[in-house]
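There are two complexes below, and they share chain A, which is joined by chain B in the first and by chain C in the second.
Now for the complex of A and B:
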């Protein structure tokens, strides 16, 4: 198939449909409105259901119900809307149900703004809702990657019975890029024997719940969840290493920011400065090993984390670097986008100080 | 070769459409492309702009901060984006609506009476295609024929009657570049 020009949001929606998603529950919010709009057109054509709920809280609980019946379900929102969904996401994680949640992040806190931001990193990777739980968090940096990973997200969700979050920002959602819809590698997925599909009088009823009154039972449940999270960390961590070998300075950046950093790296190269980048593709599990390896690399003098936030992912970079090399930060926030020139300048400052 | 273009004007002038058509055409010619719109509480009469990148290399950041060209359709956009054009870059000004001259002398400036030409052609809405025609001539970012292929794909059936006037608009725009 020839490449076609697709808008990020619409491409994510089409990728979900191609992955077998037939149920979408959502509530409008900029800058992700093209996802529900597209779903409202396409899902009925595929015999699916599009439902605009009365609120984000309702939408995520509809996802809870749909996922419980074993269907491939999705919702999408942007930062303030994800906050509203947080309770439901915790319940879905607790009940071990598969679903896909898209967050096209905007500036915060509060209502914030509508321009691109990455200030929901903590919310996505460290909780958001209550309790000891994790989501697989995927951060595509191109429309093509968004398409490929959205399709895979449904498989990951089903394989591990876990909610998967696709985290983009207004830039990835609104931009158009050439896309090719390719089938993803097939995974062997377990049968959904736990789904509440009706017993037909032939089996005991399945119960989907996240309530464990007995503390020992609740602890056991948490331990079980964390065994699963360890397995996911071992199997599903994704990262791109770009020019890290021989680099003096290693950037860590994800999503659209990583693209801006690539421009900066090329500019630095022209000036004879060797810079590389670690680009986490999964924010959780975080590619700790890639940062550890770079920290052990003799050529590396420092890390420079670049985010569209006041500095959130930098915590994970520091934990992974473990004091072996200094970790610096450059960021813009509230919807402001860092320029390659500003990143170059900051990198030079870091290297000046590191010498 | 990388073309990084800012297109800006009032909502309703066809700024977004012009950018998409260029991106589609360049893609058809085998180039790497991106199209990034301004977004938010946009409305007809408000300002709108988009960034288009056409390159032989993979596209990095889709945001254009150092433009090789700016296509400016209204006065507020001239003030906003003139400074973003790199030295030696191209600035195309819709002189039908903008009486102000460019303040820079280190860039190539073309004044294109896009709305006047569109009105002469009997369709006021194709001022954007006049601007695009001028830009193609000045930059070679895509071929006029490929643009016409895209326009022909967009306007099918009953709307096909507007295809010839789009072609004329591109040609008249190109003639403004000397």
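Now for the complex of A and C:
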């Protein structure tokens, strides 16, 4: 299929349909409104259901129901809406239901603003909802990657019975880029024997729940979940290394910020400064090994984490660097976007101090 | 070039590159010596709106009329009373950048009484690489929806078929073929063929419509120089 121009949000919606998603439950909020709008047009054409719920809280619980019946289900929102969904996400994680949740992140806290941000990193990777749980969190940096990874996200969700979050800053949702829809590599997926599809009088009813009255049972459940999380960490961690070999300074950045950093790296190279970048594609599992390897690399003097936040991912970079090399930070927040020039300047400052 | 009626309305599918064309057109009008105003009527898209170039417009003496609510970050569909200026003060050559799709065009419907009294041109920006307007049927449906929403009639077509930085002459010619079909079906002229300046020399001669070279103003954050 030839390339077409797609807006990020509508491309994510079409990718979900191509992945077999036929049920969408959501509630509007900028800057992700094109997702529900597109779904409302396309899902009926595919024999699916689009439902605008009365609230985000209702929408995420509809996702719980749809996923529980074994269907491929998606919801989308932006930052404040994801906060409202947090309770439901914890329940879905607890009940081990596969689904895809899209967060097109805007500036916060509170209502914040509608311009792009990455300040939901903690919420996505460290909780948001309550309890010991994880989501697979995928952070595309182009519309093409958003399309490819959204399709794959449904397979990951089904393979591990886990909610998967596609986390894009507002720019991913709003920008136009050339896209080609390609089928993703097939995975062998387990049958959904746990789904509540009706017993037909032939088996015991399936129960989907996250309630454990016996604390020992609840602990066992947590231990089981974490065995699964270890497996995901081993199998699904994704990262892009860019010019890390021989680099004096290694940036860590994700999403569209990584593209701004790439521009800065190329400018630094022209000035004779060797800079590289580690771009986490999965925010959870975080590509700890890539940062560890760079920290052990003799050429590397320092890390510079760049985010559209006051500094959240930097914690994971510091844990991975484990004190071997200093970890610096540059960021803009509230909907402001770092410029390539400011990143170049900050990198020089870091290297000046590192000498 | 620029010989449209005093009030020019630019419409098209969101993501068609409508705003990029409107911005280039506005700078061109001002450079040709006209007293120029651009009205950002886009109440649909929260990003990539012509108003974000306000200071660049003002440097060139172009009047920018956008939302009455100041601040780039608003998604409040507030239309400024100042918009009426371009209908009353006929010394202005005006460009109205209308939000993509039927809903976006509805904002223009509010001005139908002024437009009934004022001759205008409404240019429909067509990009054959947008899924909803990639064939004759889709393009016609889209034009009709925008006409219904805006309560105005499209008067000419603009071929703006591109793939951002991956645009080739073949892409532009694919769009030209579609524009010709739409042109025949709806009896609308193709007014402009929008081409990034660097590609202009490679374009075949004698195409229907004038070649409109553009520079890219609506840059993504990583496309800025560092």
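We take it that the second predicted complex is superposed on the first by the 355 of 355 C-alpha atoms of A that agree within 3 Å, B and C clash if a C-alpha of one lies under 4 Å from a C-alpha of the other, contacts with A are read in each partner's own complex, and residues count from 1 in each chain.
Here is the rule we use: a contact is a pair of C-beta atoms (placed from the backbone, for glycine too) under 8 Å apart; a residue touches a chain by one contact, two chains touch by 3 or more.
Computed from a predicted model, the values in this text were never measured in an experiment.
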- Query: Given the superposition on chain A, are chain B and chain C in a clash or a fit?
  - Reply: clash
- Query: So, does A:6 touch the first partner chain B, the second partner chain C, both, or neither?
  - Reply: second
- Task: Have a look at where A:176 lands relative to chain B and chain C in the superposition and call it first, second, both or neither.
- Result: both
- Query: Counting only touches as set out at the top, which of chain B and chain C does A:344 meet: first, second, both, neither?
  - Reply: second
- Message: Applying the document's definition of touch, where does A:30 land relative to chain B and chain C: first, second, both, or neither?
- Response: both
- Task: Name the chain, either chain B or chain C, that contacts more residues of chain A.
- Result: C
- Item | First (chain B), second (chain C), both or neither touched by A:72 | neither
- Task: Mind working out whether A:115 is in touch with chain B, chain C, both or neither, as first, second, both or neither?
- Result: both
- Item | First (chain B), second (chain C), both or neither touched by A:260 | both
- Footprint intersection on chain A (chain B / chain C) at 3, 5, 30-31, 114-115, 170-171, 174-178, 256, 259-260, 262-263, 337, 339-341
- Which chain A residues qualify as touching chain C in the complex? 3-7, 14, 30-31, 107, 113-116, 170-171, 174-178, 256, 259-260, 262-264, 267, 335, 337-341, 343-344
- Item | Contact set on chain B toward chain A in their complex | 20, 23-24, 27, 32-37, 39-40, 59-63, 65-66
- Task: Show which residues of chain A lie in contact with chain B when the two form their complex.
- Result: 3, 5, 30-31, 114-115, 170-171, 174-178, 256, 259-260, 262-263, 266, 337, 339-341
- Item | Of chain C, residues touching chain A in the complex | 14-15, 17, 45-48, 72-75, 127, 129-131, 134, 162-164, 166, 220-226
